[in-house]
Each structure stands twice: as structure tokens, then as C-alpha cells.
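For reference, the structure I am asking about is given below.
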Amino acid sequence: MTDPVVRTFRPEPNDYVWTFGGAPPMARVEPGTVLELFTEDCFAGRVRGVDDLVSEVCDFPYVNPQTGPFWVEGAEPGDTLAVHFVSMRPARDWAVSTTVPLFGALTSTHLTATLQDPLPEVVWIWQLDRDAGTARFEARFGDFHVDLPMSPMHGTVGVAPANLEVRSSLVPDAHGGNLDTPEMRAGVTCYLGVNVEGALLSIGDGHARQGEGETCGVAAECAMDTVLIVDLIKATPCPWPRIESDTHLMSTGSTRPLEDAFRIAQTDLVQWLAAERGLHVLDAYQLVSQAVEAPLANVVDTNYTSLAKIDKRYLPGGDAMGGMHARMVETARRFRG
Amino acid sequence: MTDPVVRTFRPEPNDYVWTFGGAPPMARVEPGTVLELFTEDCFAGRVRGVDDLVSEVCDFPYVNPQTGPFWVEGAEPGDTLAVHFVSMRPARDWAVSTTVPLFGALTSTHLTATLQDPLPEVVWIWQLDRDAGTARFEARFGDFHVDLPMSPMHGTVGVAPANLEVRSSLVPDAHGGNLDTPEMRAGVTCYLGVNVEGALLSIGDGHARQGEGETCGVAAECAMDTVLIVDLIKATPCPWPRIESDTHLMSTGSTRPLEDAFRIAQTDLVQWLAAERGLHVLDAYQLVSQAVEAPLANVVDTNYTSLAKIDKRYLPGGDAMGGMHARMVETARRFRG
Amino acid sequence: MTDPVVRTFRPEPNDYVWTFGGAPPMARVEPGTVLELFTEDCFAGRVRGVDDLVSEVCDFPYVNPQTGPFWVEGAEPGDTLAVHFVSMRPARDWAVSTTVPLFGALTSTHLTATLQDPLPEVVWIWQLDRDAGTARFEARFGDFHVDLPMSPMHGTVGVAPANLEVRSSLVPDAHGGNLDTPEMRAGVTCYLGVNVEGALLSIGDGHARQGEGETCGVAAECAMDTVLIVDLIKATPCPWPRIESDTHLMSTGSTRPLEDAFRIAQTDLVQWLAAERGLHVLDAYQLVSQAVEAPLANVVDTNYTSLAKIDKRYLPGGDAMGGMHARMVETARRFRG
Amino acid sequence: MTDPVVRTFRPEPNDYVWTFGGAPPMARVEPGTVLELFTEDCFAGRVRGVDDLVSEVCDFPYVNPQTGPFWVEGAEPGDTLAVHFVSMRPARDWAVSTTVPLFGALTSTHLTATLQDPLPEVVWIWQLDRDAGTARFEARFGDFHVDLPMSPMHGTVGVAPANLEVRSSLVPDAHGGNLDTPEMRAGVTCYLGVNVEGALLSIGDGHARQGEGETCGVAAECAMDTVLIVDLIKATPCPWPRIESDTHLMSTGSTRPLEDAFRIAQTDLVQWLAAERGLHVLDAYQLVSQAVEAPLANVVDTNYTSLAKIDKRYLPGGDAMGGMHARMVETARRFRG
């Protein structure tokens, strides 16, 4: 076996893209390439202290910058892209969160419209101790503080969408995008159906940690140094983004209302098990009903995202996606030396 | 007063576009221009008999062809485009409807996913008597037939979206698009907020008639000969598509779940009345609560669309959008001679 | 033919009931009886001026008082109760509406919970000119006023629920209850499936008029003098409340989210037409898709209510519910002499 | 300290109740009492093999039998009932699950109505090894089997509802009821707001295990031998059911659509922390946003149920509900000797 090709990209401010689809590739990469990437935070690095209000320092729609897109050689509609996250490390010693007027789950929004006043706009800076692996919450209206475990993840991973569309990087959907799931952490492999030639992979929106549902709409947002491997599964469709870890298979669904996102993810998992593990669809339905975990990703974005997650030990033998995850774990091991 | 400029466009098969945004303009037109347009039906004319199944004869994503886009000279973000429909006449003596597997309100879909089998795929051809103004339903499973009034409308009217996006012509949202409301008929003026320079107006998806909600997902679809006038209201935003008739003001909202579409339309109407008619927002809320009609447009598309509609006689004096509707009605009168 | 039996009930303050099910009958009546009823307004008559705030003068859960219940002789589960409204006349020369903290469509609520402040609590008194048939809106924050047509209706009509339940009179569901549809007007017949012996019919919640959706959560609420005829259709189920007018058939659906209420009503109408008019279910689906009106009732109550309404002229011949509506119209004619 | 009073109830078949509210108390108990209870499974024990179809052997609405209700001496509206689960042990060596026509998340239902055929009705018997703590899935359409960990829980815990209502034991709402959350396990304390004198506690619907969301609508249903302690917190409201474990605080929300259930639970948790831990509501919103888990309970019942769950280590010091959980854990220790 040869060592994997490693390529490093650290975008200049003007290099970021703000959509999935519609942007020229930053680079063309071969399947199997290791990518060392820097991603800026969702505010393009403009919110750096408690006085930097998003409504004042950010310039819509130039939020949630993405690093990419990467044209993957040989990728065609009908294939599936595999993205294995080797590592994610916050690039600075702080992360930021905030309320944003008329955005979030516990406020009316532009889509859940009411006549009420918005909540106040408040910024929190979370100090990160990257060696200790902790993120410090400090109350803005009192002197309480507490250290939580860091749990780095990418809010946004996606490819160019289908149907000739270009979507804002704030949107999660079948092409991936702003899924905002804490399950998108180092060690997992994300599967994305390819919709256009070259697939056009981008990532961004690093979070030092995030609760399930991303309740206020904003995680502990941070720039991130991320290493990933990209690979290709030919002639294998993937209708919705899927994630595989060493222990679990996961399907995602993104739409509104939230029960429809739940239905998509659960249906996709049932059909995935039926297709790859030889279970009758009704047996898969029963097994999933008793065994599934259903961690919410976001209940704040343009579409809400729900996951269906099952422990591989409960399943009949067989490999997901032709054994891609195990091979990528092995590649990651060789890369790290 | 001078006669309006009149321009005629009848696209060739390769001239249609399938998105809002992302396509080069078909033509550049001055505000005040009368456009005589031909629009193909949502199946690109491929479903012409009961044996033409959509799943066999159509080629996704090449459905719902749009005529346009038209670059309107001087249109800039922050302006509002006004589109007055002078006339709509079905271009053929038939229209078509059908069930489509996993599409429609009374079936599971790709977004409301279940494990059930889809409904059968069945096509209905509606004969149109354009002089009598009737559309004939003929049962496929029995010999019943009945003539309903024709009530021509455009399912799709829109401009390029905001946020750098390109959306499929199947999607309704803040840029308009596939609103699928029977209120989009001859005699009304549709207001659309401009998101990009030139606005990039397109229309399509003619319906000989449609029920409220478009229950099976497909109206009585027909090619259409349509005359409209396009004009521009400078420095006036329009957050969601609005419609004005001689008698009513209407706001639209498009999202899921349906109650959120309702909330958007109702909130927009309340705020519109407060802004233009001098009503306190709570007085507007009360008056709307007792006076509004809330006709559903579609409960089948990517977003659902709800309207809030109020009789102008119930409102304090004042013109909507600077009196644009009345001026366009007058222009239409001069055009028709 | 004999003249119908006429019975009059004007409850004392302690006679009202606040639930469907769970209350002893006010009286036992024979099918075919004409009932002359007084119903108090939804605030039990306690909000009589702009300074009477609901949060101060009302005593939850003692709101939305119902007149009844009436035990209908011979009614058994599996039957359908028919309620024909002969006349509805506001009992006073005023009606009242108000905002209620955390209730209504354009505010967060106890079910659509946010951290925002509620809207202000404001009361509007609508003067009714019952001879002219008008209701006067007077702005609270300005001097605008306007006369709207009165359009009397009952927000609440229902029977005891199934499944051993007792439901608050604020709830609409399969047993009827607080449907809040403007279609519940004089001249229509409402069909309600019987769930318990005697059916236990109650009505209340008169509205001088109401917009579709009842946006702020409160109509122009009024006490009402109502004449109705109650009758019984044996061995005929009615899964959801249905309404028949001289011109239309209507099904209702009540649940959340609103698209599910829409689905219930549309499915019930399709299946009703298939069962009574001999249309194949797919032909009924198609005809409904092009012909249906879908007036919203309420988007504010515990369940939201949507209607599916079709013009009888578009349907194959046949009587709904065995011709009950026509017979009740004839009885009403004889009653009025 | 004295030993707790212990009382044992094993209902006869005619002793079960099918509602919350509306049934006379089985017994009156003092706060602090230990209750040793037997609960029958949700099918009243009638589905005992793969040929026992629910549609044939069950008699609606007599499903989901509850053991109770228990009148708790001194309980009044405005108090909170505390129910600490000491142990739950499946009472038989098998559990049962099944598809039920038009019930479950991955099928149309009576509320999410479509015109499609229902899924087939299939029964699975899960063998329980209570000593090993495992539950065996056996495929019906193949020879796969696998042992999953048992994780006993009660689907149903509740009190009489507010607003004069009586609710089916199939319904989850503010009174508790059919929450169907796997978090209702031995070792936790459930808090329920008291709505009527005596509170009227009932429990039932044991599950040997259940996935999050209860996807097919039916868990691994089993009769259960359960020991609990009931106690009372005077003059302390609890707007929605809450759960405390040794490590976490949890709020629940039950309604539709699912995002509204999420909003209720998250809002309740934020307000709970603000009220008991001295956090400003916006600081609580921020901390919850980054720290919360959001395990789904059910996405299949009349209302959907979502939880908001936070690790107590992340919170400022202070006791929940006056330290009731710790006291009940101590009582449980003394009871077990």
C-alpha cells in the first residue's frame, strides 16, 4: 500500500464560498486524497467579543463560509462520496455564541412569524482549553462559569445539490449542507450522494460543542483545523446523507415539520438495512423501532434535521457501502503514522 | 400618454429554463412593457394522453419549464417588481392532470416518508371549451363526466431568489416561484421583491383550473397564451409575494408546516396594512382576524403556500404600493384598445 | 305531516357545561325536535367593555360555556346525528374580541413556546346593527371605523367524544367541538358521528363574524339566539364532522400540524364521494383536486381545523346521508310557517 | 426515621382503567408510601403469539390498561406529585410488538391521512432473559436473531388532567400519560403537576425496551412488576412532566408538530433552570443550547413527545424541587434494606 496523497488548503478571505453548488472548484482532487483544511467560523471571524453583534458586524448573505468546493475526479451522479474525518481541532482558543434576532428555536422567526418583539441580542465568548479538552461557559448576567467537554464537529458538510439548484450554506437538505449534527465528529465517515460531475464537496461551520437541536440557533462557533479523507463509491446512490462510525450506522433527514425529518431518517435507515443486510423491510422496521436512537441535529435552520442511529452489533453481518468506513479508518491510521 | 411597448416571446423547446436564478436573461425589457408570452405546461408538453405516464415520458429535473427570465431595466435589490396579468388563455383545447408516484397531499412522499406502496399512476385529460369557458372532467373508472368553469391561472411566477441561491421551478418561496394559487389570475397585479439586479422574472405552469390546495399535486395543466405588463416600484421592499386585485389585497407565505405558511401570510398582511394604511399593528391584527379570507394555494410542493386576503372596502383609504395596480389596469385598458 | 315539536332552552348561569362528554343531559329530545336555544358568549358574558381583560375577569377553565347537552332518543354509537341550523341571531347589540396573552396565531403560545414577551392585552367592542346586518369595527389606537357584514355562526357544535374521553369545550376534534368555522351558519346541516348512547349534543360560542383561521384567536364573540333541528341517521357512521348546505358538501379535519388537518378533510371528502356517489376513489381524488375549496376554520385552537368543500353541481347524482339535508330544510320551512 | 409504608396492588382484569381522570380511586395513599404494582401490557395481555392480531383480539378503546388511580392524600391543584421508580421488572419471560394498521411513524394514519393501503399486520414475540437482562429479536421473514439489552420503562405515567378533561390512556400531554420515553426507568423521579384533588396517579404500558421515537408505534410491550414511591411537593407547580435522575434534569413537551413539542420541553428546561438555579433566562438559554440532549420519546401517539435533558454537573448548585429526588433515593435504599 502506498501512502495517501496529502493536500493542504487554508483559504484567503476572498476564497470562501457561501453556497453549495454554483461556485467554481477550489481544487481537483483524486479519490483517496487526505485534505488538511482550515475553516473559518460561521460569522466569517467577525464576532470576536461580546460587543460584536451579528446584526452589526455581519454582512448577509455572507455568513457560514465554506472551504471548497473540491472537485473529486471521477465523481458522477449516481455515485456516493465518502468523507472520513480524521481529526478536528479548534483553530483558536475561543468560540462564540449569540442570540440572533428572529432566529432560533425559542423565538418567533421569519418562518414562524409572530407580531412579538425579538429577544435581546447577546454574545457569549467560550474560552477553549484545547489541551484539557474543555470549553468554558461564562454567564453574561451573573458570575457563574462552568467547564464543559469540548466535542468538536462540523455543522456543514455537503456537495452540490440536485435539480440544478444552488443552496445557501445555511440550508441542510439531501445534499448535506448545514446539518448541524454533533455526530459529525472526528472518526466518522459521511456518505453523500453525488448530484453533479465532480461532486463539489465543501465543509465549514466548526463547533467546539453543540447541544442537540442547537436550541438558540448558534453553537459554540469556532474556526477549525480539520483533516479528512475523501473517497468515492461508484454506482451506489445515497438518497440522504448517512454517517458511519466504528460502532453505529446513521441516516439523516432534513425538512419541516420535524416529524417529517424524523420519518425521512427512519425510513432511510430501514431501507438501508433492508438493502445491505438482507432483512425484510418489516423486520428492519421492527428492529429499528426497538433499537434506534434518534438524536436531533438542528431545530432552527431552514430545514430541521433528525438522525436515526443504530448500533452495528444489533445487525446481521455485512458491510455498509462496501466496507468503505473500515478502509478509510485504515488510511487514517497510515496517514497519522 | 404613449402606447405601451409590446413584445412577444414564444420559446423554442430549448429556450425554457427550469430554475429561478442561474439562467441568462431571455431578453431585457423596460418597465412598463407589455409581454405576450407562451408558456408550456408543467410536463413540457410530454403528457398528451392517458397512456403518457409522467414516470415514463418526463425527464427529471426537466419539468415545469419557465418562459424567461426577463431582465427588467433598472431593477435593483430593495425594489419591487409589479406584474399585471392582462389575460390568460389556454393555448390548446385540452389540459392534463395525473397522479405522480409519491407526490401529492393524500399520499406519502419523499418528504413525508412511509414504507407504504405508492398510489397507482393515472392520467386524466380534461377537454377545454375555450369559448364556453368550461373544462370537462371525465372519469377514468366509470362513465361520469361534468363541465366545470375554466379559471385560468399561472402556478409559477417569480424572480431570482436572494442569498445567492438558484431554486428549482417546482419550489415556492419568498421569490415567488411555484406558488400554485388560483388567485394568480387575469386582472391581478403580483408584487415581487427584487433580489438581484434585473430581477429576472419568469412565468410558467398554466392551469386551466385548480382546487385550493392542489390536492393530488397536479392541476388541470395546460400551455398558456398570456399577456402581462411588467413594471417597477423603486426603493420599496416586498418581503413575500403579494397580489392585488381590483377588490382585494393578498399576502402569501410559503414554508412548512402549513401553519407557518399561514403565519407568514397573515403577519405580512397585518404589517402591510399597518405600514400603508396607518392602522396600529394591533388594530390591523384585530381587523384582519375578523375580515380575512385565507385561501390555500398548495399543500403539495416543497413549501406549502397560504394566502391572507382582505377586501379593500374594509380598509382605511390609501393606495397599495403607490397606486401601481390602478395604473397597470389603465395601461392594460389602453393596450387592449 | 305533523308540525315539528318545538322546545326552548335558555340556561341559567349555573346550567352551562364546559366540556363535551362528562355532563348529565340538560334534556332528552326526540329526533326531529326543533330546539330554540340561547347560548352565552365564549367569555360567559364577562367581557363587556374595553377594560374587561380576559386575564382578569375570566376564571379558567370556565370559558366557552355550552348549552346542552341534549340526549337524543335512540342515538347509539355507529349512528350519525344531523343538526340543521334554522337561524342564528346575535342576542345583544354588541360583540367582543380581544387579544389573549399567549393565545392566537401571531404570537407564541403554551404549545408553540418561546421566551418572548406576550403581546399586549387589548379588547375591542364591535357594535352590531342586527337590522342592517352589520358589525362595526372601531380602532382602539386611532379613529378609524368600518362596518362589515354580520355573518353569524357557531364556533362550537359537538357531541360526547369517543374513547371514554371528556374534552374541554375549547377543543375541536372528531366529535366536533370548537371547530370555529364560518361555514357553521344558518341553513346548513352538520353531521356528527355518535360515540355514546344519546349522543349528547351541545352548542355554543356564537360569532357575529369571524375571519378564516380566526387569526388572533378570538372572533367577534356574542351571545346567540339559535334555532336548530336535531335528527338521527341510524347505522351510518360519520368519521369526522361534515356539513351540507343547499349547494355544497363539506368535510372537516382537526389536528396539528395544519397540513394533517387538511389531509383529514380532503381524504374524508374523497372517501365520502366514493362511498355515496359511485365515483372510483381515484376519480374522486382527481375531481376534488380540481374542484375543491379549502376554507380554513381555525389555526389557533388545541387542534387546527381545515375544511374540504365541493359544489354539489360538480358531482354525480345521489343524496348525501340519505337525503337528510333536504328533509330538514323542509322541516325548517314548516316550522317557520 | 421510620420505615416507609408499603402497599401492594395486583389488579383483577376488571380493575384496570383506560383513562386519566374520570375513574374512581383504586385506593387512597399517604405521601411517602411505597407501592408495589403489577401492570398489564398495552394489549391487556391479549396478544400472546404471532397469530394474535391486534385488529382481531383487542377491543378498542380497551387498550393500554392502567393500574390505579391512586388518590394521594393532601394533593391539591398547584402541588406537584413526585413518583420515584425503585424497580421495574418484566412480569413474564416475553414481550410483544406488532405493526398496527394505520398506526406508527412510517405509515399514514388516521391523523396523517392518505389514500394508500396500510402496511401488513405482523406480530413479533421478543423472548426475555430476565436474569441475563436481554431481549431477543427474531426476524419473522428470515432466520436472523439478536439479543439486545433489556431496558425496562413505563410508557404511561400520569395524573388526572386539568380543564375538567378525561383523556384516553393512549394520549400524552401536560398531565403525563402515554409519554413513551425510555427515560422513565428505574432510579428516576417523575414530577407531575397536580390538577385535581388527590392527583389520581396511574401507571401502565411497560416496555422491556423501546427505541427513541417508538417508530412502529409499538415497543417491546410487557406486563411489569414495578415498585415506586409516591410523594408530594406542596404549593409548587410543574407545568409539564419533568424527570430527575441521579445525573440529569429533564423536561418533557407533548404536542404536534414535533418542533412544538421540542419548543415546550426546551422552554420548560430553560425556565426551570432560571427559577431554581439563579441563572438569567438568557444565560440559561445559552447554556442549554450548548449542553442539552434532546432524546425523542414518541413520534407516533396523539401528541408527540420530546425531552430536554441536561447534566446536573453543568449547572449552578441548588436542588431541584426542594431536594425531593435525593430524599426518595434514600427512602428507596431503606425500603430495599
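Should a chain be cited, it is by its letter among A, B, C and D, assigned in written order, with residues numbered from 1 in that chain.
Keep in mind that, in the parts below, contacts are C-beta pairs under 8 Å (C-beta built on N, C-alpha and C of every residue); 3 or more make two chains touch, one makes a residue touch a chain.
As the structure is a prediction and not an experimental result, all values here were calculated from the model.
Considering every other chain in turn, the ones in contact with both subunit B and subunit D prove to be A, C.
Ranked by how far their CA centres sit from the centre of subunit C, the chains are topped by A.
Subunit D has its Cα centroid 35 Å from the Cα centroid of subunit C.
Computed from the mean C-alpha positions, the centre of subunit B lies at a distance of 33 Å from the centre of subunit C. Each chain gets one centre point, the mean of its Cα atoms, and the points for subunit A and subunit C are 48 Å apart.
Of all residues in subunit A, those touching 2 or more other chains are 106, 112-115, 119, 256-257, 263, 266-267, 270, 282, 285, listed in ascending order. By the touch criterion stated above, subunit C contacts subunit B in their complex at residues 97, 99, 105-106, 119-120, 122, 124, 126, 135, 137, 139-142, 144, 146, 148, 209-220, 256-259, 262-263, 266-267, 270, 278-280, 282-283, 285-296, 299, 304, 306, 313-316. Residues 18-19, 21-22, 60-61, 110-115, 162-168, 170, 253, 255-257, 260, 263-264, 266-268, 270, 281-282, 285 of subunit D are the ones that touch subunit C when the two sit in their complex. Across the complex, subunit D meets subunit B through its residues 106-108, 112-119, 257.
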